[in-house]
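In the two complexes that follow, subunit A is the common piece, with subunit B as its partner first and subunit C second.
Take a look at the complex of A and B:
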């Protein structure tokens, strides 16, 4: 892969890694904890996530242009650490892609195509993901920018059309919950914001590696603003109690929109756009897994037949792992823990090992010199 | 003029010889033919050369070869030309008459110096290889053979050719009305007249083992990026094929991505559009025998720009351009959306509309997908028939299409009226796309989206669109990303994408990425004005300067 990703594209990639799934999960989860003070939890979470993104971006910006993350790690922390780290991250990206695919298709099946077997839908999505992976990250990055630019006017349009439905009293009483609860409410969104760790994989292919910091922080800030906007909208229109009982609050919001008597279910259009962003997220994570497998195992996973193999595995895994719908609360807790572990703790550990390895090598070198 | 013709003629050494066989008796006997390429030196004797040429052409009746002076077996001078390719009057006045008079009065012509004195022609090309001689002869040159010397070629290109006419496929209401013709020379003239700049470079190629078609690569030095210039030169040089009968052949040989419905090379029959492309850093490929000039690299948005956008006011131009983009999406999406909504997502429609559609479809025996495919295929058949049928019976097709197949099909209950409206509007929207190639691509994509829309509804359409967009952003045209300036985003070039900003606000040239000069258009105009003044001052004494041709 060539170094062709710009700072804007990096920002869009981080945004697409966070927003599509966070939009569905976060409003309900935060309001479960702090109800009308959800926006405060979110603001706190964005602030902390921005700092974490800065840290991840700084670590990512040390990458060497054109050298894959895993290979760079090999040079910095040794073969075993790089192989273990690469393998763990590949498993993480793969598992997130698999879970997200299952949840995405569950949504599509429930809302759009209830009679089509989920296995068929998953197969179609996997084919698209394989095509995306074959075309490379550059193509996905370009689409991410287009999607990012389309998001703002769409959200603004929805806001304007829903203005009549909003009741500002839904926010009252402000700061009714303790700071402890507000902080607790921010944990789930913070977990989602930690997806900015994808910058570690992207940074080597950026035109300037230093831009990784800006991309990660901007991505978190933009996705945080959008989430805040969605949470506030949901709060103002439905109030915290209703939102807590909704599975897909943003779409319930869009469902209220009516354009004259012509279009009665405008939310379908928003759903289609959201589906496109989910495709991008799935594409990014699938490519992340493929890329890490390729660099860790040194096999051409981006090409056939290995690409077909990993695609088939994803399809089978996603189709057979969940015979029944998942326990949502459990899934969210597990996912949040996984997010923290793989997006924050693992990079932190790897950074520490890099530093340690460097010190050991330096002291070894000094000893030899002496 | 001679110099120009000389420049337009490619060197014979560029021709390819990839397979053997097919040599004439004479060629084979004398060991002159190697594959399709003629090699070997000319004899110093006129009689031998005349006899060789006659044998190579198999005594074709349109080959005029004549010996002058000396005896019947040993003429002093030989004149050879192909009658259909030359201007007979020019040959008679400027070649035959002076030489016949000279031979009658003073005996043999001695050397190129004397030929220069005798012939009222600017430049003579001296030939000593049989291959060069054949190339010139087959291009409409008259060959003069001298005893004791080799051969000389005099440009007498003539023959029938179509005059410059109005474009047929890219018409405008305001703007130049000239179009390219099948003559390479005429096409180069049309370009040169518009771009009076010494920076216009022309490189020549001869492609096609049998047709030996002249192909010119034209670009503006200092504006066109060196990368694409080099790449196109390389790809043109690598073409190995029997015949090139139209620029379409070249297009398929040099395009970056073969497996795509989207065109990555523009073609135009408008000299003004080709000139504009050259000024924006594109490279033109002009093929002898084709009125369509290729322009590359070409991005997606270029296929939605019409020449007229730049000749009429910016407001209406911008409005029409947006209409074109909308029509492109209508063209690929409308039938599939109709199928998806009526089959899977009826809840999207307001109840009165849903009832109306349901009542129309009540007696229709086919599902919406089959109904749509039936109508779309019928329309494609009608369109193809309309193109192929003689002009006089063309209106009959319209009557048959509109009345018999449309109205009668609805009355018979085979298709619904709504479907007729959808298919008709889709077809009209497709005609709005200025590029025929892009419109054809849209037609193909439409069928694919109809199939996925009919099987997986909006979800399927979304998947199809996602694949299409990923494919589009991955495409490149000679190294330039196809979706530039949208993906990757180039803010500065957006002034001529969705809208066309007024000319005074277009401070910088809307160049393609990686072009060398993205300077102000004012600079270009000033340069053009300067060169125009020079040209006028010297026009009386100077022939058109062609190029610094590295290939010839």
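Take a look at the complex of A and C:
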């Protein structure tokens, strides 16, 4: 792959890695903990996530242009660490792609295509993902930018159309919950913000590796703002209690839009747009898994028949792993722990091992010189 | 390689995208489009009635039905142990599947409302084909009767009922416009109370056939009536229209309304005592209510300071007072302020008798005194019944219309001139 990803494209990729699933999970989850103080949890979460994104971006910016992350790691921390790290991350990206695919199809099945077998729907998505993987990250990055640019006007339109339904008093009383609860409410969103770790994979293909810091931080700030906007909208329209029972609060919100008798049921427009962003997220994570497998195992996973093999695995795994369609797989503490573990702790550990390996090599070199 | 792979994958992906539609395809001629639904309880069974459109009639009519045409709707009822099973029972008698996406109105039966609306609201929040924006009304007796009643002005009765509700809420504001989501929101608020406007058939025999329909005067009409009061999802009482207007003032939901008053002191001042039977009417064009709860220590009851700022225009007057004089206008404003205060007090008093906080004071107290609210919450109904309401109304008469003197006064003056 060539070095062609710009800072804007990097930001859009980080945004698409976070927003689609977070939009679905965060409003209900945060309001379950802190009700009308949900915005405080989110602000806190965004602030901490921005610092984490800065750290991840700084680590990613050390990459060498055109050299894949896993291969760079091999040079910095040794073969075993790189193989283990690459393998773990590949499994992580694959597992998130599988969970997100299951959640996405559950939503499509519940809201739009009730009778179409989910296996067929998943099969269609997997084919698209394979196509995206074959096209490479640059093509996905360009579409991510288009989607990012379309997000703001759509959200603004929804805000204007829902203005009449909003009651600003729903935010009161402010700080009704303890700081402990506010911090607790911020954990799930922070877990999803940690998806900014995808910057580690794309940094080597950025035109300037130093831009990785800006892309990661901007991606977190933009997705955080959008999420904050969505949570506030849900809160102001439905109030904190009703949202807690809603699995898809943002779409319930759009379903209320009615202008006269001629402009209604517009949620389908927002759903279609959201579906496009989910495809991008799935595409990014599937490509992440393929890319890491390719560099770790040194086999051409981006090409047939290996690409078909991993696609088939994803299809079967996603189709058979969940006996029920409840919107819980994205919100369990296991998922949050997995997000923290693979997005924050693993890179932190790898960075520490890189530094240690460097020191050992330097001291070995010094010893040899002596 | 990539290009070759793209060439293989792209057609495959496109082909499957087309195929997925097969399972969920919906043909228009296989659907029964419902424009209104009524739900009630009969013992432990759910009774669901549907007002279903007859598409050929609706599409063929450019306005109200043309002479001798078929009726635009058909109404039928099914029963079942749950709401959804009752709906699916319709497949036993109808060749088409019921389609609720265009359902405009939901009529709740009184019996059902007395037992609780939780299951009904759950159905609306759980299923994607039921819209939360559906207008909710309540009927005494069978909801099916409301669905059977035909409307002349609007070809689809369900649409007509919804529009009537909207028009009333915009121009008279005594009854609030309630849809499923606002009902659910109210019932999950701190006060756990909500309101639903009543609909009933006013007049004689219901208009359900072509013969009755093709007449310039219909024997009966659908009409909005009282306001049903719900506490914890159950019907606990009713408010008259006037009291409902008072409650709407407190809820800050009065957009426009008309207030009629006797000329009172205006006439007495100019014409002497005994001239107070004349009336004047003012259209309220704008109203804004702000409420401040005041919670004092000890056993002092809670006080609510309600401030209403309103303005309007004179629509009609039979009063002889000189409208060019400032003190006449001031007197009219004072009368209007007193009237609004009285409407608010009476309406609020009725809700206190029912111990049901439909005005949302519980939420206001929770917002202003969160710690005290936690203690008060347990016995809120009793505390609500003891609230002291202090109302302050500021009414401004903005316009007098196109003439400053009443025609009665003008007529008297001209007759006086002749003498």
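FYI, the second predicted complex is superposed on the first by the 362 of 370 C-alpha atoms of A that agree within 3 Å, B and C clash if a C-alpha of one lies under 4 Å from a C-alpha of the other, contacts with A are read in each partner's own complex, and residues count from 1 in each chain.
Here is the rule we go by: contacts are C-beta pairs under 8 Å (C-beta built on N, C-alpha and C of every residue); 3 or more make two chains touch, one makes a residue touch a chain.
Predicted model only: the values in this text are computed from it and were never measured.
Peer 1: With the two complexes superposed on chain A, say which partner A:279 touches: subunit B (first), subunit C (second), both, or neither.
Peer 2: first
Peer 1: Quick one: classify A:124 as touching subunit B (first), subunit C (second), both or neither.
Peer 2: After superposing on A, A:124 lies in contact with both subunit B and subunit C.
Peer 1: Return first, second, both or neither, reflecting whether A:155 touches subunit B, subunit C, both chains, or no partner chain.
Peer 2: Neither partner.
Peer 1: In the superposed arrangement, does A:113 touch subunit B (first), subunit C (second), both or neither?
Peer 2: In the superposition, A:113 touches subunit B and subunit C alike.
Peer 1: Considering only the touch criterion stated at the top, classify A:303 as touching first (subunit B), second (subunit C), both, or neither.
Peer 2: A:303 sits against subunit C, while subunit B stays out of touch.
Peer 1: With the two structures laid over each other on chain A, which partner does A:140 touch: subunit B (first), subunit C (second), both, or neither?
Peer 2: first
Peer 1: Once the shared chain is lined up, is A:6 touching subunit B (first), subunit C (second), both, or neither of them?
Peer 2: The answer is first: A:6 touches subunit B but not subunit C.
Peer 1: Of the residues on subunit A, which ones does subunit B touch that subunit C also touches?
Peer 2: Shared contact residues on subunit A: 112-113, 116, 121, 124, 128, 131, 135-136, 261, 264-265.
Peer 1: So in the complex, the part of subunit B that touches subunit A is made up of which residues?
Peer 2: 344-345, 347-351, 353, 456-460, 462-463, 465-467, 469-471, 473-474, 481, 483, 486-489
Peer 1: Taking the complex as given, what residues does subunit A use to touch subunit B?
Peer 2: Answer in residue numbers: 4, 6, 8-9, 108, 112-113, 116, 121, 124-125, 128, 131-132, 135-136, 138-140, 142-143, 145-146, 149, 261-265, 268, 272, 275-276, 279.
Peer 1: What part of subunit A is in contact with subunit C in the complex they form?
Peer 2: Residues in contact with subunit C: 110-117, 120-121, 123-124, 127-128, 130-131, 134-136, 169, 172-173, 176, 238-239, 241-242, 245-246, 252, 255-256, 258, 261, 264-265, 303-304, 307.
Peer 1: Name, in rising order, each residue of subunit C that touches subunit A in their complex.
Peer 2: Residues in contact with subunit A: 1-2, 5-6, 8-10, 12-13, 16-17, 19-24, 101, 125, 128, 131-133, 159, 181, 184-185, 188-189, 363-364, 366-368, 370.
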